[in-house]
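These are the structures, in C-alpha cells.
The following pair of complexes shares a single chain, subunit A, combined with subunit B in the former and subunit C in the latter.
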Partner chain A sequence: MTTIAGEPVPRHGVRIFAIWLVLTAIAVPLIVLVLGPHLPPPHMTVESVDQRNANIVMTALLVPIALLVLVYFIYSFVFFRETTDAIVDGPPIKGHAGAQLLWIVLTSTIVLALAVWGSYTLIAGAHGAGGGQGPDPAAKPTGYQHALPVQVIGQQWEWTFRYPTYGGIETRDLAIPEHTLVAFHVTSLDVTHSFWAYELGVKADAVPGVDNIAYVNPRHTGLFQIRCAELCGLWHGHMSKKGRILASSAFQAWISAAQKKNASIVKYLPKYSRVYYPAPLRRAG
Partner chain B sequence: MSRAARALAVAAGVAFGTALIVYYIVSYLTVSPPVVAATGSKPRVHLTLQTVASFGNPPHPDWVSYLARDPHGKWVHSTVLRVPAYSTVDVTIYQFDTATGLRNPFWGQPRGTIGGTINVDGKTFNVLNPDLASHTFAISDLGVSVPLKGVADNAKNQCSVAPCTLSEAHTTVTFSFKTGKPGKLRWQCFVPCAFGFPLGFGGPMQSIGWMDGYLMVQ
Partner chain C sequence: MSATPIAAQPPVWRRLIGFNMLTGLALGIGGWFLGAWIGGQMAVGHPYLQGTDQNDVGIYMGYLFAVIGWLVGLGFANYPIGRLLGRAPSLRHHETGSWTRYFRLCTDHKVVGIQYLFGVGIFFFIGGLNAMLMRTELLRPVEQAWPASQYLTLVSLHGTMMIMMTSAFILGPFGNYFVPIMIGARRMAFPRIEALTFWLVPAAGLILLSAIAFGGIATGWTGYAPLADEGRAGMDAYVMSFILIAISLTLVGLNLMATILTMRAPGMSWTRLPIFVWSVLATSILMALAAPVLVASMTMVLMDRAANTSFFVASVGGSQYLYENLFWFFGHPEVYILALPGFGIVLEILPVFARKPLWGYRLAVAGMLGVTLLSFMVWQHHLFVSGMNAGLRPFYMLTTELISIPTGFIFLNAIGTLWRARIRFTVPMLFALAFFFNFLIGGLSGIFLSDVPSDVTTHGSYFVMAHFHYTIVGGLVFAFFGAVYYWLPKMLGFELNETLGKIHFWLFFVFFNLTFFPLFAAGFLDMPRRVSTYAPHLQTLNIFVSASAYVIGLSMLIFIANLIWSLVFVRQPAAENPWVSRGLEWQVPTPVPIENFDRIPVITSGPYEYGVPNAPPVADFAPGALPAAGR
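Up next is the complex of A and B:
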C-alpha cells in the first residue's frame, strides 16, 4: 500500500502489471503453439509457410500489447469507478520520465525489430516473397534463373495461362509441378485484375502492359483456389477457378495432353511476350 | 402559411423524395430481361440466338447485342436463357455483325462443344482464324467457348436494326453442348465489342441483356 493525502491506496500499477504478465504468459504460448498452425495461409508453398510464420510472429507480438490495453481498461472500469454522485477531482497526474522512456524504447524496439526482420526475410531470404514484385523483382529466390515460367493472363472475365517453355501453349487451366520453383508472370489484356492464389501465398496485380513477377516453390500436391482480387467489372465475382499442384510425372503428362488439346490454336497465338498491351489491340465494336 | 401547413408541406416533400428513391432502387434491383426458354424437351433442346452490330432501338440503339428466339418464334431482346439440366443443347447463332478479331486469339478454338467443333455455314471447324471472329459465346462454368465468324466487311444488305432477318447478310454457327446439374451460370462474349467505350469494354459488355447473360439450368 502507498498513501495519497494520508489515505492508503493499493499499488494499482503493480496489480495491473501482474495481471498482464500472467495473461501474457498464458496467451502467447497458446497463440504460437495452438493457434499458430491454423493461421493463414495454408502451407502449400515455401512462400506461404513464410507468410504464416510472419503472421504467427506478428500475432504473438500484438497480443501482449492488446492485453495491456484491455487489462488497464477493465481494471480501471472496476477499481476506478465512481459510485457516488460527488464530482471530485482525482489525484494530480505527474510526469514519470522513466515510464516515458521505457515506453519510447519499447515501442521503437518492437517496430524497428519488425522492420529489420521483415526486410531480412524479404530481401536476404532464399524463397522470394510470393507477392508480385513488378518486372524486376528485388527478392529473387535462389535459382530463380531456372524457375519454370508460367504466364498468367487476366481478361474480362477469365484467367488463361501460357507456358513459354512448352511451345508457348495457352490453357484455361493452371497446373504447376511440386518441388519446382515457379515464376508467375502476371499481366492483363484489358483492365487491372489481381491474381490471388491464397493457398500458394501468391497475390499479384495483373496490370495491362506490366509483367508482374511472383515466385513460388510448391511443397506438395493438391488443389488451390484462384480468384481475382481487384474489382474488374460485371463478372468479377465469377473470375475464379481451381489450380493444381501435380507430381512431376503427372505434370509432364498434363502438359503433354494440354499441348495436344490446344495444338490447333497455337499457330494463331501471338509470339510469347511479357506483355500484350497495347498490341495487339483490335478495333472494338 | 401556418406552422402546421408548413410542416405538412415539408413532410409531403420528404415523403415524395423518399418514394422516388425507393422506386429507383427497387426498379434497379428488380429489372431483368425476360427468361427465354429453349425449344424442345429434355434430354435434347434447341436454343436460337442472333448477334447484331447495333440494336437499333431504345434505350441504346447503337449498342451491340444478342437476342434470343422464344418457343413461339419471336425474337426477344434477352440473354437470360433457360435450359434443362443433364441435357444436350443444340445452339444456332445467326451472326449479323462484321469481324473485329479476338483480343485474345486463344478463344479462336471452340471448346466445350460436343466433338470440340462448330459448324459455320455448313462447314465444320475445330479452330477459327481469330481475325475472322466477331463475337464469342462462352459459358465459363461449363468450359464452353465458341468463336462466331463475322460477316465480310463488304457484304451487301447488312443489318442495322434488330431483330435482323435471314434475308440480311449473316453467318450461321451451330454447335452442341451438354448441361450438368441445375444452377445459374453466367455467359458472355469475350470480344471487346462495345463500340465507343474505352477499349471496347464498357456499356453492352458490362450489361445483362446485351453481351452478357445467364444460363438458367433447371
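Up next is the complex of A and C:
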C-alpha cells in the first residue's frame, strides 16, 4: 500500500480490477449458456446458426468491456466524490503515457480481431452469411452451381416467387426443400424493398434492375417469417407472410401442384428474366 | 466600446414595422404565391414537367420565392443593395438594447446563439411531439390511432425534423455563442453569414412542416429513391427543406472553421484551445465537406421529380444505388456531426466538476480528428445487404470497427479525468456522466451492426432504431442538456432551479433507458422499422416502451417549466462564474458585453489547470499597449 503525505491510499486499480473480474466471470458463462440460445436468429439454416454464433461471441466479448467501464465509473462515483460543500481541486494529473498506450493497444487488438474474425465468418465460414451479395456474389458456397434458384420479386406491396427450373411459374407462397442449397434471386418491380426471412437468416434488398443473390442452406423443415425490411411506401408493414421449408418429397409434391395450377396462366407471365423493367413509375400515395 | 446612450425607444407598434420576422413571414407567403404562379406558367405546354397529379415545378418555385421573400423581409438584401448604392457599411449600431433584435437579422454572435437555442429548441419539441404520437399508435399491433399514411408521415417528419434540427443543436447555440468568447475574439469571421445560417433554419423547419398539407412524406428521413420519386407533393417539402438545412450547415461549418483558424487571441495555442472548440473544429470540417453532398443528391431528386430526369430510375438508365451512395456519403459523416459536439461538451464539463485537468488532452484531440477522418470511409455499412459491392464488405466492416478506437479515446479521457477526482454531482455533470453510460451502449450495439453476419438480421429492424437513439438521444441530446444547464446562466444571466433540473435529469435518464433498451429486443425479435403494425406477441413490450416514452415527454415538460419558472418568475441573477470554472468564457462579465472583451486578451495558460500549483490565470485581460508576442 502506497502512502501520500502519511495517509494510506487504497489501491483503487486493484480493487476495480477485482470487481470487474468477478462480474465478468459471472456474466460471460451466463451469456453463453443462458442468453446465447435465445439470441437471434433461430437456427433453421446453416447461415442463421452462423449469425447466432456471431451474436453470442460478440455479446460475450462486448459485455466485459461495458462492465469494465461501468465498474470504473460507479467505483469513482463512490470513492472519488467530493463529500464537503467546498470546491477543492484534485491532483493535477494530466495523463499517463503507459496507460494511454495500453488502452490503444488493447482496443486496437480487439477491433482488429473482430474485423478479421467477422470477415472470415462472412466469406469462408458462412458464404455471405445469408446477406444479399448482388448479381455476382463474392462468397460462393461449394456447389453453388447446383443451387436451387428461387426468384423473389418485391412489388408494392406483395412478395411473389418464381421457380425458373420449374417452368418459371410464379407463386404467392414460398416453399423451399430441406437440405438443398437455395439461391434467392431478389429483385423488385418498383421501389426498393428488402427481403427478410427471419428464421432463415436471409436479408437482401430488392432493388429495381438488380439481381441480388443470397444463398441459404436449410437445415430442417418448418415455417419461417417473411417481412419487408426497407420502407417501400404505404403498406410496407403488411408485406409479411409465412414461408415453408419442406421435406424433399413434400416439396416435389407442392411444386408439381403449383405447376399444374400455373399451367394455364404461365404463358401470360413475362418471360423469366433476372430483372424486369415494367413501365415507368406513376405517382401513388 | 462606445458609451453613447441608447436612444429612447419608439412605441411597440412602430417597432413591428421594418425588416423583421413579421415582414419576413409576409413576404415569404407572398413569395410562395408568386413563385407557384411563375412555376405554373413555366410548365404550361411541357407535359414532362408535370407529374400525374401535381406540377412540381410550381411547388419548387413557390418554395424558392418564399425563401427569398423571407430573407428579404428579414433584411438580408439591405446590406448588398446599400453597398451597391454606395452607402456606408453599418453593422452594430442598431443591435444593442431592445429585445426586438432577437426577431431580426442581427450579426452579434451572442444574439444568434440565443436565436438558435430557442429556434432549434421549438422544432426539437415539435419533433418530440411527433414521437409521442407515434408511440401512441404503437400501443396496439394493428392500425388504430392514425391511418398508415399518417403514421409514415409522422415517422418521416419526426426523423427529418430531428436530424435537421439537431445537426446544429450544439454548434448553433453554443458554438456561435461561446466559440468566439472561448478563443478570445469579438465576433465570428463572417457575421452576416452567421445570421443567414440561423434564419435559414426556421425557413427549412416551416417548409418541412408544410408537407402535412401536401400529402405527407412516405420515405422516412432517408428519402430513398425511387420511392421519393413516387411521393406526393409533401416530398418536395422534404427535398427543399433538406437543401436549405444543408446550405446552412455548410456555411456554419465554414464560418466556424474560419473563426477558429484565424481569430484566436494571442497566446491561444493549439494546445490551449478548449476541447469544446476542438470538437467544433472537427465538426465544422465534417459539415463543410459532407453537407454539400446532400445538396447535390437532393437537387438530383428534385430534378427527377420536377423535370423527369432519371438519375435514380432504373427502367430508364438510372440507378437507385447512386442515391444510396450519395445519401450515405453525407449520412454517415452526418451522424458524427451529431456526435462530435457531444464529445466536446462532456469533456469540457468533466474537468470543471472533477476539479482536475482534462486527462490526456492530446489523445482527445487525436480521437476527434481520427473520427473525422474515418467517418468518410464507412458509409457502405448502411448497404451491406443492398447487393452493391459485396466484395468490399470486409473493408467497410474494418473501417467501421476502426472508428471505435478513436471513439474509445474519449472514454479513456473520462476515465483518466475521474481518477482520484473530487466529483461534484451538479446537474451539468449528471448529464455529462449519463452521456458516457448511454454512448457506451449505443457504441457497443454499433459493433453488432458493423459485423456483417450479425447485421443481416438487425439491418432495417428496431435494433438499428434503438442503436441510433442511444447515440443521438443518449449522446447528443444528453450533452445538449448538460450544456444548457452549464452555460445558460452565462447566456441568459439567470440561474436555473437545481431541484427541477435534477428531477428532469433522473426522469429523462431512467425512462430514456427504459424506452430504448427494450427496443434492442424488439429488433432481435424481428420487428422491422417504420411499421405501424407488428406481431401481436410484441404488444406488451411496445406498451411498456410507449409508457416510458410518455415519461420522457413529461421530463421535457418539467424542463420547460424550469425555464419559465427560473427565467420569468424567480429571475435570480447568476453569478459571473458560478461553477468556479477556469474557462475563458466564465471570466467575462454577465451579461456578456457586446464586444465581449475591452481589449483582446492575451492567453497565459490552458483552461484545465485545476490543482496545478501556481497555475497562472487563463488570460491577461488588460494587456499592455503591445500584446505579448507569440501564438
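Throughout what follows, the second predicted complex is superposed on the first by the 271 of 285 C-alpha atoms of A that agree within 3 Å, B and C clash if a C-alpha of one lies under 4 Å from a C-alpha of the other, contacts with A are read in each partner's own complex, and residues count from 1 in each chain.
Keep this in mind: a residue touches a chain if its C-beta (ideal position, glycine included) is under 8 Å from a C-beta of that chain, and two chains touch if they have at least 3 such contacts.
What you see is a predicted model, and the numbers here were worked out from it, not measured in a lab.
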More subunit A residues in contact - subunit B or subunit C: C
Touched partner set for A:L234, first subunit B, second subunit C, both or neither: both
Which of subunit B and subunit C A:T180 touches, first, second, both or neither: neither
Touching partner for A:T160 - first (subunit B), second (subunit C), both, neither: first
First (subunit B), second (subunit C), both or neither touched by A:P270: first
Which of subunit B and subunit C A:G118 touches, first, second, both or neither: second
Contacts of A:S76 with subunit B and subunit C, given as first, second, both or neither: second
First, second, both or neither for A:V191, with subunit B first and subunit C second: both
Which superposed partner A:A99 touches (first subunit B, second subunit C, both, neither): second
Subunit B versus subunit C as contact partner of A:P135, first or second or both or neither: second
Common interface positions of subunit A, toward subunit B and toward subunit C: 190-191, 233-235, 238, 280-285
Complex contact set, residues of subunit A against subunit B: 153, 155-158, 160, 170, 172, 189-191, 233-235, 238, 262, 264-265, 268-270, 280-285
Subunit C-facing residues of subunit A, complex: 12, 39-41, 47-48, 50-51, 54-55, 58, 62, 65-66, 69-70, 72-73, 76-77, 80-82, 87-96, 99-100, 103-104, 107-108, 111, 114-115, 118-119, 121-123, 126, 128-135, 137-139, 186, 190-192, 194, 196, 198, 201-205, 207-210, 212-214, 225, 227-238, 277-285
Of subunit B, residues touching subunit A in the complex: 53, 64, 100-106, 108-109, 111, 126-127, 129-130, 138, 140-141, 143, 186, 188, 190-197, 199-201, 205-208, 212
Touching residues (chain side subunit C, partner subunit A) in the complex: 51-54, 148-149, 152, 215, 218-220, 222, 224, 226-227, 229-232, 313-316, 319-321, 354-363, 383-391, 393-394, 397-398, 401-402, 404-405, 408-409, 411-412, 415-416, 418-425, 433, 436-437, 440-441, 444, 447-448, 450-457, 459-461, 524-526, 528-534, 580, 609-613
